[in-house]
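What follows is a structure written as structure tokens; I'll ask about it next.
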Amino acid sequence: MSWVTKTLKSTLGRKLIMALTGLFLILFLTGHVSGNLLLFKNDGGEAFNIYAKFMTTNPAVKVLSYLTYISVIAHVIYSIILSRHNKAARPVGYAESKAATNSAWASRNMGILGTIILIFIVVHMQSFWAQMHWGDLPVKTYAGEEYKDLYSIVNFAFQNIFMVIGYVVAMAFLAFHLSHGFASAFQTLGLNHKKYSPAIKAVGQLYCIVVPVLFAAMPLYIYFTS
Amino acid sequence: MKLTLKIWRQKNASDKGGFATYPVDHVSKDMSFLEMLDVLNEELTEKGEDPVHFDHDCREGICGMCSLYINGKPHGPQQTTTCQLHMRSFNDGDTVVIEPWRAKAFPVVKDLVVDRAAFDRIIQAGGYVNVNTGGVPDANEIPIPKTIADLAMDAAQCIGCGACVAACKNASAMLFTSAKVSQLALLPQGQVERKTRAEKMVAQMDAEGFGACTNTGACEAECPKGISITNIARMNREYFSAVVSSENV
Amino acid sequence: MILDSKAPAGPLAEKWTKHKFTSKLVNPANKRKYTVIVVGTGLAGASAAASLAELGYNVKAFCFQDSPRRAHSIAAQGGINAAKNYQNDGDSVFRLFYDTVKGGDYRAREANVYRLAEVSVNIIDQCVAQGVPFAREYGGLLANRSFGGAQVSRTFYARGQTGQQLLLGAYSALSRQVATGKVKLYPRTEMMDVVMIDGHARGIVTRNLITGAVETHAGHAVLLCTGGYGNVFFLSTNAMGSNVTAAWRAHKRGAYFANPCFTQIHPTCIPVSGDHQSKLTLMSESLRNDGRVWVPKTVEIAEKLRKGQIKANDIKEEDRDYYLERRYPSFGNLVPRDVASRNAKYVCDEGRGVNETGEAVFLDFRDAIKRDSRNVIEQKYGNLFDMYQQITGENPYEVPMMIYPAVHYTMGGLWVDYNLMTTVPGLYALGEANFSDHGANRLGASALMQGLADGYFVIPYTVGDYLATIGPAPVDANHPEFAKVKGEVQDRIKKLLSINGSKTVDYFHKKLGKIMWDECGMARTAEGLTKAKAQIQALKKEFWSDVKVLGFNEELNQSLEKAHRVADFLELGELMVDDALNRNESCGGHFREEYQTPEGEALRDDENYAYAAAWKYMGEGIQEELHQEALVFENVKLTQRSYK
């Protein structure tokens, strides 16, 4: 076995992949949420549609998007590998456990939270991402250039109360996932220092609220304004 | 006070095992938890029943031999060793559930006794400085900043009881392993073998079948010696920098 | 038999160097042909096993715990002495030697003690090289403290866990040799007997505590590093598993047992709280640096206290008797352990004890907190205060601690010569298991020093001398003697399991402990000892006819383990009484009430008792035979210890 595969097979190596992909996905979320803020712009979706086209055509963004797909897939696969490994490490469980007294709920349920988020991602991508790439979308023209009108799809989707509820709930799960995942990734990378860790934790706590809230605000805004 | 004990009984490693219930009377608040079990065992012996087997030795919280998962927590409700847990932490009429440490790497030997030799093998993989007796420099030739010596001591306090493994939802031994890796990584004496040590100890930890770390912090919260998970971060750092820079291909 | 200490002649300071030079060496290529058996993995055992393996010998190391790291050396709190003189306060090898001989009340062998002091400096170097995190000054150099009444600061420490850190250091050295394959480790394995071939120790018989398998192990030499026998008192600061079995079985095979009555009662332990008590917890001696020991001046006040009518803090300054400060103005609360313990007993015997049982005195930090602030005290003793509160439920920052003496260490043990060899060739005893270095009383922070000195720096030389003499021919593991001893061990197991009487092992252990504590504890009388002897004999008889040991041999059977140990304690107890009865003097930890100065201090009889009493086992039920090793003092003047 080469040192690379050996490392990636070790528990620490696997955790490293979880941490790196997790952090990359946090970066992705940051970009995603920033761009999608254009939904709040009261321009009939012009800025949003221009942004959407940019995101699907710009070569640099393309590279980033492939990295994102890889990250999601790796994050999922390694979480499955690790969960199975961890389960095997305790074949007989405890009859009584007071884990709540020593650790946060989210930290113990990252797998469940992640699974729900994964289901959400599939639904979400099918609703918008697939539409944008291969769907038969209406076209709008701004300044002489044609743009796929993703905005109208979004706008339509969030007229559906169930869709809105689903999105808001999914964002709650995301918040819990991030509440542990953000700081945990730094800890896994070995970045724990009494000077910096409090800041990392604070940013993590802020992040896990702000980003999901902004995301959740989008369907709500659309539902209640249109 | 009176208590109801629900204790895991298992004849040997291959027995399936199960819970048995024992009422105990006349429990004094001043008793240690293990003394309460002593009293139960005396009664059982007098009745001709096999006494409950549990590990214990120094009974002053330092040898790390006592274990027991009490009412859903390793070493019971206080952050201390079971031998230092006293019955004043319980109330009259309580039901107390007592289980062994649960981990694939800690197989049950009998009743509440488990085999923790995996920890020894992790240390054997590299938890030492390769110096022979004699021929070492004068102790004061190696000045060590007090803050570093104190940090190393914080890690070195680990008693190897295994509460971290017991508490962890993944039965991970990261806190134990990282405490030793940290102690020696912090001290100048440990520098020579720093990289190899991190690689070997982690490899052994994995080979023993312990789980991975989810950074829940349960180990730190339950550790009777208050070993911090900063040590786990340090071990990760040590390990990652070792694998990319060591000469071990 | 004439007990030859084999201490080399010549000036004290040159003895060890000379001896090392005259000892035979084993050819490096031959070392791998030898097997050395090491029983016990505490400081002495782990350090010996590691050092011998480093030299190239094959080592088999045994311990009854689940891991070598759990040996009871781990519980030592205070520190380890070494004559480094890092503090420039007048320490030297000779001063450490002198203090140790004096502290031991002149009942130790000069040559051994000097060697101990001499190698003490190497121990610190060795431990630091291993990565033991000793306390340090801000400049990065090692810190020292004064300990146990020493006039110099020569104690190295790692918070309140020095024993733990030193043991983990030795354990890491041992683990390293396990990894190289030079040491084969046998945890959860108890030594049951020694196998003798042609008068030499050639192996041991063990019991696997998990499977019950009785096995034989052959070797060229056997090292017993099995600690002390304080658990003969049932209640002591020893670990629950600490036992005399290995040493006692060796004794019955011909190793003389020396000074068994020399037991140390430590003054600062948490008092007994009830019948359920299984062990006593030591509070570090360092507490006496700041705490003041007192009891009420009158019995009346003490009675009110015991009945709970008043609290300690209600007692006025003029009603408090700081009896150590009063009686020993120059040493005050820092008098040696034996003196502090005995005085606690006196005041409690007078009816001035302060807890419900009447067997406790106060150790008060009120004045220290007032002087230095609570913060300073917390930094020094925080962990000890927490431990005290955990056990007693009382907050020592607010109310005085209650303490009482408890059995802590046994200075007696297997008789060994300068080479640490017992009277059985090839059988060695190291650390607390031997008798050699502490005389009649051990000074604080000296036990760790001795264990590591024996293991790291003495035995590698002396065992080599013996091995070179006998040659590397393999020991015949099929020699009929192995099967014979194994059979005897199995018979004994069967016997214990077949009695099926009505009383548990602990019942007998507690009874024995009470007899020993009452009659052979802090103060002894000829009358009491004679009575105790008869009681122990009767108890032993009752044990062998009425003990109840359940279960089988072929399983983890903790009752059976205990039964073996208690059976040996019953025999040892009788010998301790014999020894105490024989020694018609008071010295160190041995205080015979008949022999005291008008002020109540120990009165030695150097003319008649300046010897080590080594007892030879003569057979079941036969009085053991006394042999004397005369102690010759060429370098210290025997004086009455005075701490006034």
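Going by the order they are written in, the chains are A, B and C; count residues from 1 in each one.
FYI, contacts are C-beta pairs under 8 Å (C-beta built on N, C-alpha and C of every residue); 3 or more make two chains touch, one makes a residue touch a chain.
Which protein is which chain? UniProt says A = Succinate dehydrogenase cytochrome b subunit; B = Succinate dehydrogenase/fumarate reductase iron-sulfur subunit; C = Fumarate reductase/succinate dehydrogenase flavoprotein subunit.
Just so it is clear, the model here is predicted, and its values are computed rather than measured.
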item: Central chain of the complex, centres being mean CA coordinates; value: B
item: Top chain pair, ranked by how many C-beta pairs fall in contact; value: B-C
item: Whole-Å gap between the CA centroids of chain B and chain C; value: 27
item: Centre-of-Cα separation between chain C and chain A, whole angstrom; value: 63
item: Separation of chain A from chain B, taking each centre as the mean of its C-alpha atoms, in whole Å; value: 37
item: Residue ranges of chain C touching chain B (in the complex, touch as defined); value: 47, 50-51, 54, 65-72, 74-75, 84, 86, 122, 124-142, 158-159, 161, 163-165, 168, 171-173, 175-176, 178-179, 185, 187, 210, 237, 239-241, 273-274, 276-279, 281-282, 387, 390-393, 456-457, 460, 502, 504, 506-507, 548, 550-551, 555-556, 558-559
item: Of all residues in chain B, those that touch chain C in their complex; value: 11-12, 28-32, 34-36, 38-39, 42, 45-46, 48-51, 53, 55-65, 78, 80, 84, 86, 88, 109-110, 113, 115-117, 119-120, 123-125, 127-134, 136-140, 142-146, 149-150, 152-153, 156-157, 159-160, 183-184, 187, 189-190
item: Complex interface listing, chain A residues touching chain B; value: 2-3, 6-7, 10-16, 82, 85-86, 88-99, 101-104, 107-108, 110, 180, 183-184, 187-194
item: Chain A contact footprint on chain B (complex, rising order); value: 6, 8, 19, 69, 71-73, 97, 99, 102-105, 167, 169-172, 174, 202-203, 205-206, 209-218, 221-222, 229-230, 232-240, 243, 248-249
